[in-house]
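Each of the next two complexes has subunit A plus one more chain, namely subunit B in the first and subunit C in the second.
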Partner chain A sequence: MSAEKQYIDFFGEVHDTIAARSCAEMNEQRESAFEAFSAQGFPSPKVERYRYAKVEADFSPNYGIALTPLTEQLPPYCFRLTNAEPQVRILYNKVADATDSIVALNTMLCVDTLVVHVPKGIRVEHPIQISNILKGEQDTMVSRRILVVMDEMAEADIIITDRAASQSRFLTNQVIEVVMKDGSHLSLYEVEETHLLCTRYNSVFVQQGRNSSLHHTNLTLFNGHTRNRLDILLQGEGSEVTANGCVIADKMQRVDNNTLIDHQVPHCTSNELYKYVLDDSAVGAFAGKVLVREGAQKTSSKETNANLCATSSARMYTQPMLEIYADDVQCSHGSTVGQMDEAALFYMRQRGIDEKEARLLLKAAFITEVIETIPLESLRDRLHVLVDKRLRGELSKCEGCKLCK
Partner chain B sequence: MLQINNLHASINGKEILKGISLTVKDGEIHAVMGLNGAGKSTLSNVIVGHPAYEVTEGSITFNGKDLLSLKPEERAHEGIFLSFQQPVEIPGVSMVNFMRAALNAKRKYQGLEPIPAGDFLKLMREKRAIVELDSKLTSRSVNEGFSGGEKKRNEIFQMAMLEPKLTILDETDSGLDVDALRIVAEGFNKLRRPDSSAIVITHYQRLLDYLKPDVVHVLIDGRIVKTGGPELATEIESRGFDWIKEEIGL
Partner chain C sequence: MKEKNSFVREVAEKKYEYGFTTNVETDIIEKGLSEDVVRLISQKKGEPDWLLQFRLNAFRYWLTLEQPTWGHLKMPPIDYQAISYYADPTQKKKQGTGEIDPELMKTFDKLGIPLEERMALAGTAVDAVMDSVSVKTTFREKLQENGIIFCSISEAVREHPDLVREYLGSVVPYKDNFFAALNSAVFSDGSFVYIPKGVRCPMELSTYFRINARGTGQFERTLIVCDDDAYVSYLEGCTAPMRDENQLHAAIVEIVVKERAEVKYSTVQNWYPGDSEGKGGVLNLVTKRGHLRGANSRLSWTQVETGSAITWKYPSCVLSGEGSQAEFYSVAVTNNYQQADTGTKMIHIGRNTKSTIISKGISAGKSQNAYRGLVKVASTADGARNYSSCDSLLLGSHCGAHTFPYMDVHNDTAVVEHEATTSKISEDQLFYCNQRGISTEEAVSLIVNGYAKEVINKLPMEFAVEAQKLLGVSLEGSVG
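So, the complex of A and B:
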């Protein structure tokens, strides 16, 4: 039986239940998503953007599929799709790549959408934190959907954390759509601290209007298998994006970041920095394309991927890509894969720092550059602590969190 | 304090040290002089336990302990400090975190609690003043963007923080201008305790004018070929090494 079949069969069985629990905007997209998924199936490694993922293997196990809608009690600026304003509701599935079969699978099975809507000119003082906590005794697949709409001149910080509170196998298929209207500012942080039995597919699509600015940081601190797709569509002149990420992986963990920054109009700026620290037999992949379309003059773009392989059995695949169809642009891209700096290690040991601690300090130092770019100071401080704990192997439960106990 | 006996060491299978014997007593300063490639830096690297060097014969005893059986960090805890010829830049590791980790590692080895944060910062300030190291430098990453002179001053600052029993200065004078040399040397002298010892590796008399060694050794081709008092350094400064080679028939 092919991996797709269980999802196709399941959809046939529960189609009516899903429709009853969901809302009109989502149900309208369901059939075409089903057709797209059934026609294509899971992408093979021959599909360029899935070159480093093992999709079929990741989706093959037999999971119970969660079909739970969101609660009505949500904090300010957060809504269920059905309760959001009409001009927000129609944006559902308009930014995501509907032809992508992983996205289609989400559209097919997802019951509810969490909307974050910041109205025109509003600056949200405190960060909005969305905590996804996987919990349950059975192996479960979860389809999650988030739609962020930043109206003109709106400002917000959103932190999305992924955690797992029980030791079952979990498969998450998440789609995040972000619409940034003219002059809006958004800092969007994603932090994954799950466990070795968690598989996460995460597809983020952002559409940016004139003079909007986005700071996106994606941190994979602990996981099983993770595949992040990030598509930034710069559609308004003067828009800016910083798209950074860091990965700490060891044991048999696998992390694949696949990004596209699409400069569609002139005078936009993009900066991208991804850093990986890989230990044991971890496998990392980074494929990042910066596309400068015809007419997108005065584009400024910088893409860097730097990686540290702490053992000879850790593997890193890196593929920075730059495609330019305009003639007046400033673009650079590059990647490095290196090993532990033996001279620095010995220097530290001579000062009395034991080898294990010295290695840990060097790994944390490597990641620091990404964390230091985070504008939100409290998060920056917290992440320094989390990175340190992670490298010491102390990261399991989120301390102080009532939900995980 | 330190006894080196018939020490043979090699790197990548090539023998560099060919039977060195040397005894440093409490409170003594020994200078080791010699041309490039004589094995001076190898000697210092072997004493601190650099993993690239293999000791093939001989022994090193430090305050009664078999030094060669200790890891580099344990040798540091026992009180051996190397001022590196080329201090290493470590981007992303702040001087503060680096020093705190080093100091607390030593305290742990001695069975002490970690140093309280306030005491640590006070200690940093005090010791920084001794080598006139700018506070801007100690708030940066280890040696990152430091000038040659600042790196050497930073080595002495670290020595001040860790208070070693035996300090090895490996060509600490190289790349220093006259003023920087004075600051480093005077800083070193201020930090000396009556029972602390040093091995000073150098090509030149200049640093020794400040440090006033008790014993001077000449190292040629992996062997100590001549040992004398401070006057030997003066003689080498004026006559070079050739006369020594002739004397021993090389």
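So, the complex of A and C:
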């Protein structure tokens, strides 16, 4: 219970400060979250969904805890929770799994919530980009919260990027809640390119209404330790989801993606594709569950996880799960762990491409399958460049952008 | 509709044809579990001190454990003090003439397991176990000519103590899990097989387990040791009477496979699955594991599971010998309120080891059928290869089919593949059969048998025929 204690004590000390900086909707949930967290503590590896995460170790170091609210100047469709419409404000903490103690810790410590609200029938022309930049001289823990509400027939692209602008240790505990009403369309991209000292816990919860469609892509290009939880609740008939992800990890990096696609009603479709390239002593984990509830007939679901281990010290844990309680369904999953195709390497070397370059090309091609599914062209092009740079080991180098100066 | 109902009822009544009980004088010890009970079992079997100590250690360790709950199962609470841990139906034989009670003979005859060697199917030696005691082992002398030891484990403890002591608990230690600790403390009879170097066992060896007495559990223990270059094919069958109580079956099977040796282990599990309301039935909580110690050794598990109210077992293979190969073929059928959480573990330690997993689940009625499997490739297992394929077939909208594969790969030269599908019988296939005058019921049976064929083909002939019949019977009445 030692790791929990510092958070429990801290909450006791700063409870009033947090409450003063925050708003009524968030403060209302704080006490019950505190109770849930203190009762459960951090999940042990015996908790199935945290099997591959090292939660205690990740949360044990002594971090300074950031308690800064958002600024008032926000772009169109973006609000602080206090400034959002009442019907949006009440959705706070309604979709997230309150029994998850990492989520409870976020609810307990988070000061402000960024709301993206797209009203009925509006199609947002340009992608909304949310950049999270970690900066500071001290080791810092950040609790972030985002609430996305897509009203009926609304359409938007949201890109969330995580970067670090200084070399301190950072711990991010982020919760994203998404409510998609009937007929809405959302593309949600998450791109992480931080550094080896960054730990990220990210929990995304999506609730989908009738005929809504979601395209979620989660790209972990550079990180320290990352644990992503993605829960998609298909609650309206005819809803569709594509949940893809790719991971490039080397050195001592650790990436754990844990997804659940919950088919609660008939006629829904889900597609999932996750690809990992692991080098050096990187550890990758993928646990994806597709749950088809009783009565969710005519479900179509496909889940694929492919992994490339490039060294003998890289480790991959994969666990594609199907839990099905309805008979008229088509569900499949496939998972592979393997290495590079020697024949393809040979082919390239025959044509004068040196081995290093050939290996790089193969890795890039492997990841490309995920990137090619992204509908947003500009992002796709940018990602191709980023992946190439990443594989050449150039991504972690600071380019001296204006943020660092 | 009326006609269909009567048909369904008829099937439900005849469904489990091994549900009779045998009236035989049985020596049952008091219910409950304590150190005294463990000592009593050991004493009744006249065991040496080392084995008693093994049991006591296991029992003391068991006391520190709690029953695991991670299975995808709704397990009724088990009162370990309400079970009698030893039931001996052969006591008459011991007191009197040395003859087997004719009631027992009749029982096994009825089950199709002849204990008279002259009546037996040529080519199969049987060890028949009822409740806690081995009734008879056939063809022992004939096997002994080749140096093969095939007897009950109690006899093996008396006659070949060195062998038993060397291998008992070496594959499944008593600290392995809750049920393994329980079994290690109270195990009664089971079979012991030793195939010496270079011997190809001339006949199929078979053990038939029967639970008979009320209020008891069965805790048998099987140990198979196959020495260098030897081969054996081993069959296991099991049944139990129809009772409205849940009976516990917590066995351990340990297999040691040495260099270039090959073991085929086939099971047709037909425990009483409970009635159509889900009342009664056997709780089958078994630990089965093979250790491929030698280079180029082979082990295959083939199982057809139609019985038991709850099945929770993972016949597994530890592949430590270089180039060793393991296979797992399984068909698990659940109907009514049956629950199964079963699969396998393939642990690759040696270089160039290969494993194949083919699992077919069929769920009907209100049953839940889960495949759970682990493929682990250690960093030492260069060139390891695994292929897993798990298919589930759903017959009905109230049942569940689940797949929980775990793959832990710690080696870059390993290739691990897993694929799974879940679907129902396609309307097209049914329509095609109907068009050709095959009724829906028959068509389903035909399609299911075709679906399971890949596994059934791996069974020895007599078993395959039985398995095919069982599949038909288990699924009758589940269509519509």
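Note that in this section the second predicted complex is superposed on the first by the 396 of 405 C-alpha atoms of A that agree within 3 Å, B and C clash if a C-alpha of one lies under 4 Å from a C-alpha of the other, contacts with A are read in each partner's own complex, and residues count from 1 in each chain.
Basically, contacts are C-beta pairs under 8 Å (C-beta built on N, C-alpha and C of every residue); 3 or more make two chains touch, one makes a residue touch a chain.
None of the values given here were measured: they were computed from a predicted structure.
Chemist: After the match on subunit A, would you call subunit B and subunit C a fit or a clash?
Modeler: fit
Chemist: Mind working out whether A:Q330 is in touch with subunit B, subunit C, both or neither, as first, second, both or neither?
Modeler: Touch partner of A:Q330: subunit C, not subunit B.
Chemist: So, does A:F346 touch the first partner subunit B, the second partner subunit C, both, or neither?
Modeler: first
Chemist: Is the number of subunit A residues in contact higher for subunit B or for subunit C?
Modeler: C
Chemist: Which holds for A:C198: it touches subunit B only (first), subunit C only (second), both, or neither?
Modeler: Touch status of A:C198: no partner.
Chemist: Would you sort A:I158 into first (subunit B), second (subunit C), both or neither based on which partner it touches?
Modeler: Touch status of A:I158: no partner.
Chemist: Considering only C-alpha centres, what angle arises at subunit A between the directions to subunit B and subunit C, nearest 10 degrees?
Modeler: So the angle at the centre of subunit A is 80 degrees.
Chemist: Once the structures are superposed on A, label A:V116 by its partner contacts, choosing first (subunit B), second (subunit C), both or neither.
Modeler: Neither: A:V116 stays clear of subunit B and subunit C.
Chemist: Touching A:T318, do we find subunit B (first), subunit C (second), both, or neither?
Modeler: Touch partner of A:T318: subunit C, not subunit B.
Chemist: Please work out whether A:V95 is in contact with subunit B alone, subunit C alone, both, or neither, and reply first, second, both or neither.
Modeler: A:V95: touches no partner chain.
Chemist: Once superposed, minimum distance in angstrom between C-alpha atoms of subunit B and those of subunit C?
Modeler: Comparing every C-alpha of subunit B with every C-alpha of subunit C, the smallest gap is 15 Å.
Chemist: Mind listing the subunit A positions that touch subunit B in their complex?
Modeler: Checking each residue of subunit A against subunit B gives 341, 343-344, 346-355, 357, 361-362, 364-369.
Chemist: Quick one: which bits of subunit B touch subunit A in the complex? Just the residue numbers, please.
Modeler: Touch list, subunit B to subunit A: 48-51, 71-73, 76-77, 81-82, 84, 87-93, 97-98, 101-103, 105-106, 109, 141-142, 158, 162.
Chemist: Show which residues of subunit A lie in contact with subunit C when the two form their complex.
Modeler: These residues of subunit A touch subunit C: 48, 294-295, 297, 307, 309-339.
Chemist: Which subunit C residues qualify as touching subunit A in the complex?
Modeler: 70, 72, 377, 379, 382, 392, 394-424
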